[in-house]
Amino acid sequence: MARPDGRQPDQLRPVTLTRHWSIHPEGSVLVAFGDTKVLCTASVTEGVPRWRKGSGLGWITAEYSMLPRATTTRSDRESVKGRIGGRTHEISRLIGRSLRACVNLKALGENSIVLDCDVLQADGGTRTAAITGAYVALHDAVTWMAGRKLLVGKPAQAIHRSVAAVSVGIIEGEARSDLCYLEDVAAEVDMNVVCTGEGDFVEVQGTGEANVFPREQLNALLDLGVAGCAQLAEAQRTALAG
Amino acid sequence: MARPDGRQPDQLRPVTLTRHWSIHPEGSVLVAFGDTKVLCTASVTEGVPRWRKGSGLGWITAEYSMLPRATTTRSDRESVKGRIGGRTHEISRLIGRSLRACVNLKALGENSIVLDCDVLQADGGTRTAAITGAYVALHDAVTWMAGRKLLVGKPAQAIHRSVAAVSVGIIEGEARSDLCYLEDVAAEVDMNVVCTGEGDFVEVQGTGEANVFPREQLNALLDLGVAGCAQLAEAQRTALAG
Amino acid sequence: MARPDGRQPDQLRPVTLTRHWSIHPEGSVLVAFGDTKVLCTASVTEGVPRWRKGSGLGWITAEYSMLPRATTTRSDRESVKGRIGGRTHEISRLIGRSLRACVNLKALGENSIVLDCDVLQADGGTRTAAITGAYVALHDAVTWMAGRKLLVGKPAQAIHRSVAAVSVGIIEGEARSDLCYLEDVAAEVDMNVVCTGEGDFVEVQGTGEANVFPREQLNALLDLGVAGCAQLAEAQRTALAG
Amino acid sequence: MARPDGRQPDQLRPVTLTRHWSIHPEGSVLVAFGDTKVLCTASVTEGVPRWRKGSGLGWITAEYSMLPRATTTRSDRESVKGRIGGRTHEISRLIGRSLRACVNLKALGENSIVLDCDVLQADGGTRTAAITGAYVALHDAVTWMAGRKLLVGKPAQAIHRSVAAVSVGIIEGEARSDLCYLEDVAAEVDMNVVCTGEGDFVEVQGTGEANVFPREQLNALLDLGVAGCAQLAEAQRTALAG
Amino acid sequence: MARPDGRQPDQLRPVTLTRHWSIHPEGSVLVAFGDTKVLCTASVTEGVPRWRKGSGLGWITAEYSMLPRATTTRSDRESVKGRIGGRTHEISRLIGRSLRACVNLKALGENSIVLDCDVLQADGGTRTAAITGAYVALHDAVTWMAGRKLLVGKPAQAIHRSVAAVSVGIIEGEARSDLCYLEDVAAEVDMNVVCTGEGDFVEVQGTGEANVFPREQLNALLDLGVAGCAQLAEAQRTALAG
Amino acid sequence: MARPDGRQPDQLRPVTLTRHWSIHPEGSVLVAFGDTKVLCTASVTEGVPRWRKGSGLGWITAEYSMLPRATTTRSDRESVKGRIGGRTHEISRLIGRSLRACVNLKALGENSIVLDCDVLQADGGTRTAAITGAYVALHDAVTWMAGRKLLVGKPAQAIHRSVAAVSVGIIEGEARSDLCYLEDVAAEVDMNVVCTGEGDFVEVQGTGEANVFPREQLNALLDLGVAGCAQLAEAQRTALAG
């Protein structure tokens, strides 16, 4: 099975990071990885959750969701079902953990930032696009806080690293980067790699439901993931410089 | 209080209806009334709800929702709260009723169309923008059904009228059309008018929580509503011809 | 289709407003519009919802519900289903808005009144009966507050107008007032009109799901609604004088 | 502490059983034990729950609920809270079990009867009033079924005994029958006794949360319970003969 | 039907009470009544529920649950269903009431003890085993509190009596003690008896769903229940002395 | 920080796998990794979820839960909260995926196996203990199916590999295997490794919330994980041979 869009195995889809997509949030980015489009907004609110009060530390949390017809067939809304599914929970937690890794929570003071990642259109890699876009939205929100003198200490130290993420996988034995939906479904092994701009790991999640995988495949996937994240980090830098 | 954007009392905000905004749905329209942006998708599914089976009739239903940061301050997600609020219920039902008024349900056969109206950015008039955009998405979905020979009888008769909606209100005694958020909050009387392309009424909802209103004000609002819907119907025709 | 009970098109069903129906609430009224019977109770509680604290204003809210066998066939309880339906939400909000229109919330001080409207038996027009009965229960509760010196300022100014409501509709082209269930089901257009004792509008909600309606029909319905509310306001005055 | 209404220890409050209180249900009874008023309706529906299909047996179930202001202070609705409380569950199950004891489920065929017991006003003993009233509503519903030829076999055998219930308790060492709310709160021991018209037991539930109780007190309470149920059985016979 | 395990009618199954089964809780007991195994833990927490604050009294509450495969066929988890069933509610309340009867709540100060009774394996009598085991766990937790000087007044008075419980029933006319699952299912009458170590009653719940029962049977069941509880009280004393 | 129990960095805690712990399930194992104890049961049921019907394939799913006082302080039950938390969802899904990797779903026919993993006592590594124990319970359940001729094809091929899991982490720069709770809390990097008996990977999840990690640390953790799983696989073989 060739790549549906003719890419090289290590080639990412076209990535766009459109800042200031919405007028209300303190940070808002429409990120596209090919046909996957996620709206990432960063909302700053005063105060922190009860269990964190008095700590002097800020808090960052994330919520991921899909519009019902972001996908090829319509899914029921979780609000209508009255409960959030396991997949949504899992991805929201992953995004939150990943973004907390790049912020000095002391610098935020006792303020919170909520990262909402709403998938407007899905074609594979929605969680990795969400992390990549949310970083840029978060950066804009922290800059906004700096402008309002809401940060504690030196603003430049509030964000001490960038994070980006890419999905990689094995399809018919071949390691490929940034899987689209058709590849995602066909993958024998599927891995999400979250890296900093310096190439360190923040999170690695590899799954071989349809198959198991030897150390060499794991290594090949990690190589692809690190390389993909490096390109995304560059795209983030360009967007933030723009 | 002058209009924040300097409009005439009877002047609508710039309206855009972007068809085919998403790749997956049978119909998808991004509608903008000024800064209010709603993504309306129409999803065709085989079959009808249980209580309708065997009737030979199709079904149309709608679900309205707001992204958490579509508004100036963030709202909690209804999926996280585990229940849908009264306002969401009310608006979803209004959209569903309005759109059912323009379709010959017999022509659909026993198929259903779900209209999802997700507010990406809110600045007043989200429910009226949703109705106006959903009509165009519905039209595209019915055309798609016609192309697949899914309609019963003559396709031309499946949609027997268009519907559009506008919010009107009294601010400091003045009747105004297409209120933005600041006007909506300040309005003494608030009315949503849903009309067909021929200028008949589908639904009229007028509320004077902060005040009560005499028959003359009601009449002035109805006049504005009918005029506004006529302009929107024209915009719909143009979009569908495009 | 003649009126099932032989009434004139503009004739209301027999209306009774039985005050002090229950022993516990501060106000309690059993209202009957023909076979429609709604128990309306007004409960005074100290304090206001959190978002209103410190405002110096009181709060009025309403909850509408139907007993499972108030209707011809049994409906499942919303408590058993674990969620409140859209119709219930919509009506509860309508009753709350309508009743807030007749009270000076400053006069209540930071106290709340909950209006519970429980339909014991339904034969059309349950929401309009609920509004009409709730006004009388609210009046009794405010009088009770006055007796306990719980009001701020002059008691006579706490309630500055009365509200009543009636359902009107078009059946086979004829405008009729106070529809019973059989007429409600058959109506081409259905409108709920909420008016003050002075004949101003508080809320107007007209729907033409099965049909659309021209301005003349809308006007005829408004005329009927205003006339019906005037008769109900008279019945409220009589009940409160009794 | 004397009885608030001056009754003898073994004296019931005035009991009324008003049949045909509502127009829609197959059986409907407003039962009053003094100021406690419960509306009991019996709804016949075709079919039985899935787990009972094909058994040839009918099913009887009960749902108990209180209006929010049936009590001296307002309680939140369980529909609004989104869940049914433990007390409601417990009482609904008790009513269901008690009423199933008096019906030959084979005679019902595969039909169900739902007994809804809604407390309109509470002054102690709501569950025992509910059982006593529900029996009469059930009897009327079974008679209605007989009239429609919905019963299997001989109608006279469908209901093979009557059931009634009374609450009894120990207050300051004295055994009393049919406790009102003030007594219920003060009782050291509280017992609900459900008996057949022949004086056999269907259910006995005795609780001594504030105290424990010896066998003699248990016996005294059982004596009072049996005597009270006998009087209620007589009232049921009279009501059904009326 | 003979007893499946050949016991005498008044004979209990082998009872074991294993203290300190878990390392974390302040009290923890694995209780076995034959094949029925319940893990009872007592958790001490500072503070009391809001409605009890400032009373100077402690609080004891209980939660009962079954592992999904404690039974012969698997049951769905209540956490997955999103609601607690009526049976669970009923039993949790029974355990809480029973255990509150043996503690001087003033002696606890404003502290709470939660008794969690999780059925690991079920073979009838789970609620009576839970009460019997929870008493021992509660005793250990109160001793733990005494050791930390958390009790008010004299520790010896904190627990003023013991409680134990047994299920009894009529099978083919014979009164039997401590029913196993097969007997429970076959019982014409089923009764749970909760007694103090002195032989007084705390709670009596007798049900004759499949049948009704005369006073003599009730008396025979009470006799068996009292005798069974006396043996269990002895086992509790032995365990606590161990 | 030395290891609390004095282990070598690569040393596992004592592991026990007690088969047939419960009498009802088709497979049941109490697994202990030191003080962590998880009851794993495997329940065989006829049929598969609706979306899988007609596929000829079986299904395996898992549910993870903790008793409220399995931990040092008590947690609220998810059944009482009415919803399952993100962590629970995430772990249940991980266990399900891991166990599906070792079964030939065609061999099961259209039957389902539910793996319930209930943590009776927690001291770190509950999810990895659950996977390791669930494999043995699953094996027993499949053997039970073979005995009942419920398998399709050759029973020996139904389970084509074993799976086990271990948690590894970096504490103060040192890579350690099988973290206990105190180490888990202190870890800079935390990884769960799921391997087959042949040493291939099924799932790898590494997280550096408090820190990021370079490729060398990732490699060291993978080495430890593979080695730990090999020992656990040996323990599983021994248990199944026992």
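For this structure, a couple of remarks:
A, B, C, D, E and F label the chains in the order they appear, each numbered from 1.
Here, contacts are C-beta pairs under 8 Å (C-beta built on N, C-alpha and C of every residue); 3 or more make two chains touch, one makes a residue touch a chain.
For clarity, every value in this text was computed on a predicted model and none was experimentally measured.
Taken together, chain C and chain E share the touching chains D. The minimal number of chain-to-chain contact steps leading from chain B to chain D is 2. With chains reduced to the mean position of their C-alpha atoms, the one farthest from chain A is D.
Separating the CA-averaged centres of chain B and chain E is a span of 59 Å. Averaged Cα coordinates give chain B a centre that lies 28 Å from the centre of chain C.
Taking the mean of the C-alpha atoms as each chain's centre, chain D and chain F sit 50 Å apart.
Separating the CA-averaged centres of chain C and chain D is a span of 33 Å. Residue positions of chain C touching 2 or more other chains: 82-84. A ring topology is adopted by the chain contact network, closed into one cycle in which each chain touches exactly two others. Residues of chain B touching chain A in their complex: 22-25, 28, 35, 39, 41, 43, 45, 63, 65, 67-74, 77-84, 88, 114, 116, 118, 120-122.
Those residues of chain B whose C-beta lies close enough to touch chain C in the complex are 83-87, 89-90, 92-93, 97, 100-101, 161, 191, 196, 198, 200-209, 211-215, 218, 222, 226.
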